[in-house]
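Chains: A, B, C and D, in written order; residue numbering restarts at 1 for each.
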């Protein structure tokens, strides 16, 4: 199958249940497993809870809604904190190496999902308002818990990893161009047209070369407009590069995967990635994962 | 042939004439058929009527034109309503299962094309102005009737369907990035620079990462501009991903279709998608549709 | 060779010299030929004259330069008009079917290059100022004479022609989306936020979905901003489609051209497009044009 | 290996040490070599120095930082000038043909890295403030010294070189479109909507067709908005072209490189670019560089 979901256990071999059987084993399969009906139901419920808790934080930041439904939103917030706290403790309890889990990426994200609310409980007494505002917003980072479920498309990752050197060269080239054009525009336009420093001119150069173009800073002189035109044409050509790199790597990976699929019975090649039987002799084909890719 | 037009009947097997012969059969071939001269002429006339009726609605929304040609535009509008109403009734009459048609996508669109004008007739009496304005604008949705004729390029749809998992991963990644950067910018810039809530900051983050850049909200602090620069560079790299996915799938599909085309007489492969005869022995080639793709 | 230049004569078989020999034959080779040193020198001189004449028109539109160098620019303008007029007459004289040439695309462009200046001579007497301004600007269209020299990359054109149905489907989809979103935004935002008519809202939808984002119109309501976010995400996914189509067609054409290149001596395939000798046996390869592509 | 780093010496055969042994030979290996631990350490230190010196120049352009840390930044600046001056002299001393090096691209960049500071020393006496400001900003160009280290991805360069004709055709087409649409918009909108000259209208056309869209100039008339819509749709289609060209060339290069990798022991083809042993017989594969690409 295309881009198969690798379970958390395949990615992290240390992720083992704390007990071979009993309730902790069953709980392990529930919270870490993805291949049992119960595990899938747990994941679905968790995704809904994550999205709902992030929505609550977002709506709470709207002044009108905060004034009207503040109490309701705070209650929902505490319900989610308790829920994610229970989930975090359960994960620590059922895994064989709790410290290893706590130090992993998802261990950190799971802690981050409950910490801000708990810290805000302590801070309320001391009335540090700025800190509380930051903590309230930090709750949006719960959305990172979703990353557990998008860790799917291995083919996309492979193509990204293979292109990493080309992407590095591309980003370095971009940074050099932004520095040079930023400095030139700071010299040509100067503070009188809003280009008050090189970093600010570089912010403008990034906004322009990436074709965002806010319009908060624009060239005021004819020379500045001419340089901008040149710069945009260069940027226009360069935007093609990362797309081309990624498309080429992905095409190469896909084509290679297809060429490599070979019927073991009759030897026919070039089977479709989704094909399960040989189109010449009808024999079962090896799964795509075995064939390479 | 490249991207063959599939007739409505091939896509929907339930789409059968109500009578095996007689005027209803001839009318069925006229309104649903695409392979007879009469059917093609009907389709051409309908396309012109759709485009003309949408243009009438658009021009009617321009205050100056409404003031000057209001009567004429209203007359044209009623002519189109009668025409599309007659077409809708005819479709219901000649199809074997009228309810099934009425519940299908195109049945809904065909009803939507006449409903607003008819409802507005009732509402005029009760003077509900807002409702009437909405109904008048809803008529633009008649443009969806055109979808019947763009349901053509199966190859494009295949590539889209094959990439659906990758596109889902991409959209989820985008939403996570927009949430995280929106929350950070709301924290950094705050209401004093127009970032009055997280949803509004997320609207800004979408506008920026997709390189639209209206400029109605722009970062006012140096830190905000630095984060924006980072965000744009990430977005710049990410815009490559859907293009790369789609290009790779389409390339793979096209290459595969060519490799799969095989002369039945001599066995030569790699025939061009447009080729009709084998370039080695001159025998007629099977059509592209048979060969897979 | 990659993308060979096809001479004007190959594209248009009717383009024959008026006389088999003599000065008209030599003049024909000079103005229409591209494969003799004299013909190439003539082309180079013409390109320089075109670019220079377009620059003169552009500079003349700058008020400060017009005030200062108006006389000089007018003199240069008349020199170019005489030059292009002489070139046009010469082309008419030396070609076998002058009327056919005059009615062709390049015949029209060559006439357009001299007509505005000559017409302005007549109009000066009648003082029609608007007309003169238009004529002065029309001279920029001389730049279209350059099209004669970019009519090169046949491979690019082949890929574009092959994708024409997909591109048509794409543009129709875009127009349907722009109509629907334009109508919705006109309903949601209304004249009070600048969306004064559906055509104006469609202009805004085009500017937004194509990620231009001027910022002259922006959504003012929360609902409008939410719809804009959805719209941008859809547009972001759709921008990938034409790129993917074009990249896929071009890749397929390139790959096919390589696979098709076969050494006639030893049968080895997969030669590079630039290769001139077989990498296995060293025999000369057939040129790419013969091999297909 | 993917995109191997070519050493400076491979690119420039004239780059030879001045002495076959002794300290000058060791110093040559240090400053020009990239394959010894000492050479790599020197390169790493130089990269850090370049980035730090550019950061100093950037921060110095911020008025608040210049007022507060001016003395410190000036001291750092002089330290970097001495460092790069010493590096430049060392390079001149240890290379066999110093003049050839001084006239090369990197010789010029290395001189440019020290010149502005030294010239500013002379100019301080004469108080030419504008010149000094320009010199201070020119120091950002030290970032070009980094180009020595991004001269890596030969595959990317090959794809760019192969597409050069297509890119040239593309840029010419863009310039023709910008000229024509600029002239039309100057005629339609005119100075009253800010389109004061054709060059200014062309600046706007570039900003619009490249989807930057600052919003400093926007069409004010209905006709201008309609033309802008057409223009954007054309530009939207055209942005696909360079991406398509580059992706196709890169895909073709990558696919070709894979097809060309052939096991010398058993003849199996289609090895992955990263593979080091034949997947059929396990024999060592020739490196990718030997196999072509």
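Keep in mind that, in the parts below, contacts are C-beta pairs under 8 Å (C-beta built on N, C-alpha and C of every residue); 3 or more make two chains touch, one makes a residue touch a chain.
This structure is a prediction, so every number in the text was calculated from the model and none was measured.
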- Quick one: which chains contact chain C and chain D both? A, B
- Message: Please tell me whether A-D or B-D has the greater number of C-beta pairs in contact.
- Response: A-D
- Whole-angstrom distance, CA centroid of chain A to CA centroid of chain D, is 29
- Query: How many angstrom between the C-alpha centroids of chain D and chain B?
  - Reply: 41
- Among chain D residues, those touching two or more other chains are 199, 202, 211-215, 239, 243-245, 247, 249, 251, 255
- Query: In the complex of these two chains, what residues of chain D are touching chain A?
  - Reply: 2-3, 54, 57-59, 61-63, 133-134, 137-138, 140-141, 143-144, 146-147, 150, 152-153, 155-156, 159, 167, 171, 174, 199-200, 202-203, 206-207, 210-216, 239, 242-243, 245-247, 249-251, 253-255, 258, 270, 272-274
- Message: Which residues of chain D touch chain C once you look at their complex with the stated criterion?
- Response: 162, 165-166, 169, 172-173, 175-176, 179-180, 182-184, 186-187, 196-199, 202, 208, 211-215, 218, 222, 225-226, 228-229, 232-233, 235-237, 239-241, 243-245, 247-249, 251-252, 255-256, 259-260, 292
- Can you name the residues of chain C that touch chain A in the complex? 211-215, 243-244, 247, 251
